[in-house]
Amino acid sequence: MYKVSADRIDELFAKIAAARTLYLPVDQNDGRAAYKEWSQGTKMSSQLNTVRSAKGFFFPQTTNLCDFNLKDKEIEVVDIRDESEDFVVFGVRACDARSFTILDKVFLAEPVDSYYATRREHGTVVTMACTEPEETCFCSVFGIDATAPEGDASCWCEGGDLYIRANTEKGEQFVSLISDMLTECDDTAVKAQQERVKDILSKLPFANVSTDYFEKNTLLDVFNSEKWAKLSESCLACGTCTFVCPTCQCYDIKDFDTGHGIKRYRTWDSCMYADFTKMAAANSRNTQMQRFRQRFMHKLVYFPDNNNGEYGCVGCGRCLVRCPISMNIVKVMKSFGEE
Amino acid sequence: MSVNTEFKPLIVAFCCNWCSYAGADLAGTNRLQYPADVKIIRVPCSCRVNPMFVLRAFQRGADGVILCGCHPGDCHYTSGNYFTRRRMALLFSMLDYMGIEKERTRVEWVSAAEGAKFAKTMNEFVETVTKLGENRRLEDLRCKKQS
Amino acid sequence: MQEAIIKRAKELLADGTVNRVVGWKAGDFAYDVTPAVFTSAEELDKDFLYNDFCAPNLSKYLIKESRKEGKVLVFLKPCDSYSFNQLLKEHRILRDNVYVIAIPCRGKVDIGTVRDSGIKGITDMECDGETLTIHTLYGDKTMSHADSLGDKCKTCKTKKHAACFDEMIGEEGEPNNDGKRFEMVEKLEAMTSEERFNFWRNELSKCIRCNACRNVCPACSCENCVFDNPASGIQQRAAVTSFEENMFHLIRAFHVAGRCTDCGECTRVCPQNIPLHLLNRKYIKDINEFYGEYQAGENFDERAPLNAYTFTDCEPDVVYKRGGNA
């Protein structure tokens, strides 16, 4: 473990940015945090989390896939990828860091999604331990330790110092970029912080939300439950939960006719939308109840069934904060747990 | 051979079938000059023009959009152009509010007998838009041809 | 107030006037209120809520609810009543199947506003009239009720209901004529064209196209939105370019122009904090200036400004003549 005085953080960022493109959470003019590229004078946000998750670094809301040009009677396919730039995402929280491993299971499984894989390869994730969790946090329910975030390297801010630990080879490379600013140290201060924050985490309102129901009941029991109708009755069918979610990974591929060619691109899609997975014949899910159920079944049943019990939720709480009608995965889990 | 780099705006003119399109025709038969960069789209009535038409013209590369219809009171469908008048007043005001140059949009009433007015209007409009330069604020980069 | 509302709801359920109630349901914290349908006295006692946190506008739910079996009871705040009346006017709600009770509102606490003031870990909130006490994981905080309001309530247009209710609980309020409603629109109008362009680029570039503004909007009640229609040529999942960001919001605002009652739900629900009501208010302000004062949803019989005309309407070039900054 290494440390550097937090007073020197601007110098540290400048050093990282000199070698790699650096992104970090920044307060926007409306006071809410978003990931932005660092430039001289950029201040890192002190807020717990950004409105949008960090998944966009690897799975952007829109990705241009390729272009088609018509030359006489030949169709020319142009690979327009240019992601070759190494970048660092700094200040990722434990929840978002875990979301990358969930996305990896989807996009890096065969057949590998090369767009995602390229971005993963070029990106270094540097996480920041949480010190002031919010009431909407429930990452511990999914076995995430907010005081010891994953990622290529992890950081802790404690007592005026920034502590850094490399977790992977990429993390080692990251540390070597700034090694002349770092001094080696023990982890006493970090341990103390972890103890303190763990105490807060254990007292969070949702610390003990249970996932037992989904482990003890079969897929069909959950699927056919009568609870879905009530839970989904006021859902607006917007995509807010999906688009702020760090683990939602569904997308749609579209072609855009530019007038002189075709641009094929993909965008995030939301299972909350009426035309999600609409096929030539019809739609497989016709009511909002079915669409609503799909989102939670995916996260709490289908995904764990296919991934050794790992849930497709990281408990970041974004959907709890942003849902226009305050319906969310915790209310769903609690409702099922009541039985 | 030198390449002419002088900016020539692309203008989309939505013309009502009954008055303005005939007005444009008259301008032609009278051999009145107006720039060839004015592309006329014939519509049954000026009120057929949905705000989306105006936006999509800009998206597809127009630098200025003009609607021409019958004079108020002369609509072939009695009242279509009265609706156009309200809609476009509001739409143009909103474009202006969003910082899109208001001079890029215009409504002009041109009757079937006003070939001269049609040519004059187009010449003026092209001149105004030429001064403004290329449409940047409401462009869609995907539709720009890479040169 | 809440007791009186629950009591009346139970009476109407018991005497068979209605068979269900659309209202607000308590969540885990004070602020996470969910619109819900209640069918029994027990459910009402357990979860029904009416307090300073019940911001959601319930009127749009009646499009579906009024088409189900039996009569439904709904509670409408002043701004919700305009939406309701507008929907009636557009034949979207079956009036005979709805029993409307008007209830007063003094402005709703907006959790976004409270959070954006820097208060973290909010586990509970209480409001004793003027002061909001906020219990957090990190100690108690206070805030004045006036400061905690969302944009929609800070510039409230009226506390008086539209005339569409069957009965009223509490006192009728008064229209608010403090002129604050168009303050921000005027401020924008006074900017230069470039400043306005930059303002809106900055705001609209945050849009993630979640469609929350559209789906919550009582005026957006199309069965199939043009932006969801693959045959429209402009179907979008996400805005790919700045043009698409502008187009969505421009067209949406235009489509509700003259029908938007200014309930402010679009801004309240926006996860990205985009002041969308400023687009709608611009249309409202222009309509008032060009065609005379008009409040959508106020009068059932009046024609909407974009469905009407006069021979002496101003010409579209009013936009250039009005002056303002280039």
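In this document, chain identifiers A, B and C correspond to the written order of the chains, with residue numbering beginning at 1 in each.
Keep in mind that, in the parts below, a contact is a pair of C-beta atoms (placed from the backbone, for glycine too) under 8 Å apart; a residue touches a chain by one contact, two chains touch by 3 or more.
Everything numeric in this text was worked out from a predicted model, so none of it was measured.
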Identify the chain pair with more contacting C-beta pairs: B-C or A-B.
B-C
Find the most central chain, measuring centrality by the gap between its CA centroid and the centroid of all protein CA atoms shown.
C
Provide the C-alpha centroid distance between chain A and chain C, rounded to the nearest whole angstrom.
31
How many Å are there between the centre of chain B and the centre of chain C, using C-alpha atoms for each centre?
36
Approximate Å spacing (C-alpha centroids) for the pair chain A, chain B
46
Within chain C, the set of residues that touch 2 or more other chains is 240
Two or more other chains touching the same residue: where does that happen in chain B?
142
Shared-contact residues (touching 2 or more other chains) in chain A
256
Which of the residues in chain B come into contact with chain A in the complex?
60-61, 142-143, 145
Sort out for me which residues of chain A touch chain B in the complex.
256, 258-260, 263
Going by the contact rule at the top, pick out the chain B residues touching chain C in the complex.
51-52, 55-56, 58-59, 72-73, 79, 82-83, 85-103, 106-107, 137-142
Under the stated contact criterion, what part of chain C meets chain B in this complex?
188-189, 193-201, 226, 233-234, 240-241, 243-244, 246-247, 250-251, 253-254, 257, 279, 282-283, 286-287, 290-291, 305-306, 308-311, 313-320, 324, 326
Chain A contacts chain C in the complex at 28-32, 34, 48, 51-52, 61-62, 132-135, 200, 203-206, 233-234, 236-240, 242-244, 252, 254, 256, 265, 267-270, 273-275, 320-322, 324-328, 330-331, 334
